[in-house]
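Some notes on the structure that comes next.
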Amino acid sequence: MWIYEKKLEYPVRVNTTNPTLAAMIIEQFGGADGELSAAIRYLTQRWTMPTGKAKAILTDVGTEELAHWEMVGTLVYKLTKDATIDQIKGTPFEAHYVNHGKALFPHDAAGVPWTAAYIQSKGDPISDLHENMAAEQKARSTYEWLINISDDPGVIDTLRFLREREVVHYQRFGEALCLVQEHNCRKKFY
Amino acid sequence: MWIYEKKLEYPVRVNTTNPTLAAMIIEQFGGADGELSAAIRYLTQRWTMPTGKAKAILTDVGTEELAHWEMVGTLVYKLTKDATIDQIKGTPFEAHYVNHGKALFPHDAAGVPWTAAYIQSKGDPISDLHENMAAEQKARSTYEWLINISDDPGVIDTLRFLREREVVHYQRFGEALCLVQEHNCRKKFY
Amino acid sequence: MWIYEKKLEYPVRVNTTNPTLAAMIIEQFGGADGELSAAIRYLTQRWTMPTGKAKAILTDVGTEELAHWEMVGTLVYKLTKDATIDQIKGTPFEAHYVNHGKALFPHDAAGVPWTAAYIQSKGDPISDLHENMAAEQKARSTYEWLINISDDPGVIDTLRFLREREVVHYQRFGEALCLVQEHNCRKKFY
Amino acid sequence: MWIYEKKLEYPVRVNTTNPTLAAMIIEQFGGADGELSAAIRYLTQRWTMPTGKAKAILTDVGTEELAHWEMVGTLVYKLTKDATIDQIKGTPFEAHYVNHGKALFPHDAAGVPWTAAYIQSKGDPISDLHENMAAEQKARSTYEWLINISDDPGVIDTLRFLREREVVHYQRFGEALCLVQEHNCRKKFY
Amino acid sequence: MWIYEKKLEYPVRVNTTNPTLAAMIIEQFGGADGELSAAIRYLTQRWTMPTGKAKAILTDVGTEELAHWEMVGTLVYKLTKDATIDQIKGTPFEAHYVNHGKALFPHDAAGVPWTAAYIQSKGDPISDLHENMAAEQKARSTYEWLINISDDPGVIDTLRFLREREVVHYQRFGEALCLVQEHNCRKKFY
Amino acid sequence: MWIYEKKLEYPVRVNTTNPTLAAMIIEQFGGADGELSAAIRYLTQRWTMPTGKAKAILTDVGTEELAHWEMVGTLVYKLTKDATIDQIKGTPFEAHYVNHGKALFPHDAAGVPWTAAYIQSKGDPISDLHENMAAEQKARSTYEWLINISDDPGVIDTLRFLREREVVHYQRFGEALCLVQEHNCRKKFY
């Protein structure tokens, strides 16, 4: 019941009905650098991490990304749940609608289904932590592009919150890289 | 910390080192009817379910499938973690090894990365619950094929446990279908 | 010459030129739950069905879906064949046009090429018939979403005819499931 | 009932049980240049062909390829239907078995699901007929590679028959190209 | 430094800011019959060509296609680099923007990532050269569809130049086919 | 003629005929972290890099990766060109052979065709350079796994050379990141 209850707690505010914006934000639900990519990537890499602490960081962040995945899904759903057919027709959400109605689906803004080809797990902790640091930077970029095209204040607030978390995760993976490399690291990443 | 702690509790027993068997069991980690498909499918469909009870069933089962996904990952990992290069060479695990070392990765037994094209979410509860009942039957079949080719007693025990859970999930989705259809249902499914 | 002649007989009526609508209806030509998925799925599963009657149902329905695939193709073609470049520009059909001109292609409304990952064939008749019953429900849903966004009377008539056939197929697969399970079944499905 | 009855007529002879060979021959059931690619490609291109004769050739050949698809499926099925688990284990068919049992599935010899990305339909008859001539040459090559690795006399006979048909289809598409270009053509292709 | 310097020499003229047109022209950067498909296809086939001359033709044309790939990228970039967010919103480029900003990416006009499933390399020179002749015809068709929907004079000029090169490449592959077949050929292809 | 001539210069030594090893090394020809991924990634990101120097580094490294792609192709080809059918049968190369003969093809060791989903280009130089540093670490890992399973001395030498280049590229991307961030950087990466 963990995920379900957490859903009720997060303040995902949406002020408008906007299928076009929903069709763009779904990028972070099922796109290359979205929350699903992050969650599956980190939870998959855990078995070959060399220390319990590194495993714990991957578990923590991976689990948090699952909750963020749910937040993004709620954004998309709230932007479309009250949309009339006339509000959907002629928007980029229409192609989603004829396949999935108003349900969520893990595809990107272009409608391409999520694929594990977006992520990697090499069995080498140096490589995997670099993969993760890059993933967080890429997710940050997507949130910035999404904020740029958003005009719903509640949506923008939520996207900013999620972007900030990616920066924090980036730093945690940087620290994990230091721990794994067992040498001095610079204090700040990015 | 939920997923991490649960990992410690499950009795995933593995008696042998067997990269070939690992390469087959990874089917349920990242294949069409594996645990990842199940988890993502159910957790994705929740927003458009018509009742709180239906949402709760999807959340419960989806969350349980995430834990099962982790169990399957542990099976694969334990079957390979002590394997020497000589034990890996010439097996179907070798193609996995040159890409992922001994790490997990969500692909099927043939090495095809997981794709959301395996799952569906239609925004119509009748369709989605049929999708889920079919998913559980298909997962049951995969476990049966895997049990047939397994000769490690611990692995077989774990696979049998996982197969039984699919039958239970199938029945729960049948009950959810009754609830959504609001009419008399036959008592037992399959 | 079977398919070619059948094409002439079906009353696929289209009253308008409407590239946007064509770009949506192509969902059933090459999308996840479209007619191609149905035909390939049923024709593929035949070899491992346990009785001649089950094989015959799969052959009958699979063959009918091929004819329906052709009907959907004709809908798409008639909606676009007289479209001028100005009528195409700025519509979701434009991305199709620059790749395929006015030809058909088996992709969904978002332009994603058809993949066999949409279908399954497990070699277990219980699983396969559940897969098929789910497939028919999902196809029914897609037709409902398509009818909702259509405003061409001939197109709507054809889509309604095709939707009804999915319900009939669903019932036939339910009957096949009864036959395969060799026990009493409830009379009506859905 | 068309496809079903035709199945009974073709003399698809198989003398051995050989899961490894089956795993290779499935290339022509669901691989890039297999019979499914051919059938879907030709049947998809029909709407934009400029003459009734060109449409008829595509319909004829596309329909014949569907029948050949069924023949290839029968080859694969006969090579595996009596295989014991011990005969399957350790062969490349094992990865297929854990997902699909002994059922057919449209994937290639490596297990990659069929995708419409293998085919093209450009809405330009010159391009489409070149696509088709290339397709027939590529299918011929695959049959030659398959014949090279086959040692079951019945299988080899059937593969040779199918290879010859590709050469004939190549010539028919060459003739169609002549008709469409409306100028003198050389008599023989390849 | 080869590719970089060549970029400076080509007169890729673009007169307007037009994200919609950019979203269509990206078809030739990462679509089925685009310049990347051509380059990777020809450069991949070289090892099994039977003569040094055939290898040289594949190398020459493949290398030229890499330069054309860069030209197409420059077209897309110039059409979008000065676009404001308001000019991007509501266009088909918006889905690209939220994933890639104003960067290039090898996907088609619908946003589907490039896949090697678009190309083939059979190890049989007759098949491979037919594949290539078909590829050039298909690329020519795409350029024609793109020219039809373009209204920027500089873009149209560049697209016409690129189309002409495909016709020349088609003829060169026809000549290579003659050389490989070692018999008389007709002088002109298409 | 650039690529063709370079091919002649590189000392790609192969001492054995070994189709199994070829089937593994093709991972770096068409796999997730192979040379094709690297080349297309870097050459694609160039347009949005903020300085001429950053563009030049991407061009230099991307071009070098194309040459390395060719070296890997030559390794695969030399390991298989003299193989008899008997040497191919029963190896993981057999599935490649029935589709591509002895030609190269950009797929990974499992036979999955290369997809642009493996790479990213975000239009944000910080993100893109992190992507590239991760890419180099992942390529290094693959070369290490490949070296572990190789027993041909010439192949191992070439793989070691290629691995070293990835480390150098990693450092160059680290320097580019410093330049783009315009602040003090630590001297050494990894």
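Note that the chains take the letters A, B, C, D, E and F in the order they are written out, and that residue 1 is the start of every chain.
The working rule: a residue touches a chain if its C-beta (ideal position, glycine included) is under 8 Å from a C-beta of that chain, and two chains touch if they have at least 3 such contacts.
Not measured: the values here are computed from a predicted model.
J.: Strictly by the touch rule at the top, which chains does chain C share as contacts with chain E?
T.: Output, common partners of chain C and chain E: A, D.
J.: Starting from the defined contact criterion, work out which chains touch chain D and chain E both, please.
T.: C, F
J.: Please find the path from chain C to chain F through touching chains that uses the fewest steps, and give that number.
T.: Between chain C and chain F, the shortest chain-hopping route counts 2.
J.: Same or different: do the copies chain A and chain B touch each other through matching residue numbers, with over half of them shared?
T.: same
J.: Starting from the mean Cα coordinates of chain A and chain E, work out the distance between those two points in Å.
T.: Chain centroid spacing, chain A to chain E, equals 33 Å.
J.: Any idea how many Å lie between the Cα centroids of chain E and chain F?
T.: Whole-Å distance between the two chain centres: 23.
J.: Could you work out how far the Cα centre of chain A sits from that of chain F, in whole Å?
T.: Chain centres of chain A and chain F, defined by C-alpha means, are spaced 29 Å apart.
J.: If a residue has to touch 2 or more other chains to count, which residues of chain A qualify?
T.: In chain A, 32-33, 92, 99, 101, 107, 110-113, 115, 117, 120, 122-124, 141-142, 145 touch at least two other chains.
J.: Which part of chain C faces chain D closely enough to touch in the complex?
T.: 1-4, 30, 36, 40, 43-48, 55-56, 59-60, 62-63, 70, 73-74, 77, 99-107, 113-117, 119-124, 128
J.: Okay, in this complex, where on chain E does chain D touch?
T.: Against chain D, the touching part of chain E is residues 32-33, 115, 117-118, 120, 122-124, 126-127, 130-131, 133-134, 137-138, 140-142, 144-145, 181, 186, 190.
J.: Tell me, which parts of chain A touch chain E in their complex?
T.: 20, 23-24, 27, 31-33, 92, 108-112, 141-142, 145-146, 148-149
J.: With touch defined as at the start, can you tell me which chain E residues reach chain A in the complex?
T.: 85, 88-90, 92, 94-99, 101, 107, 110-113
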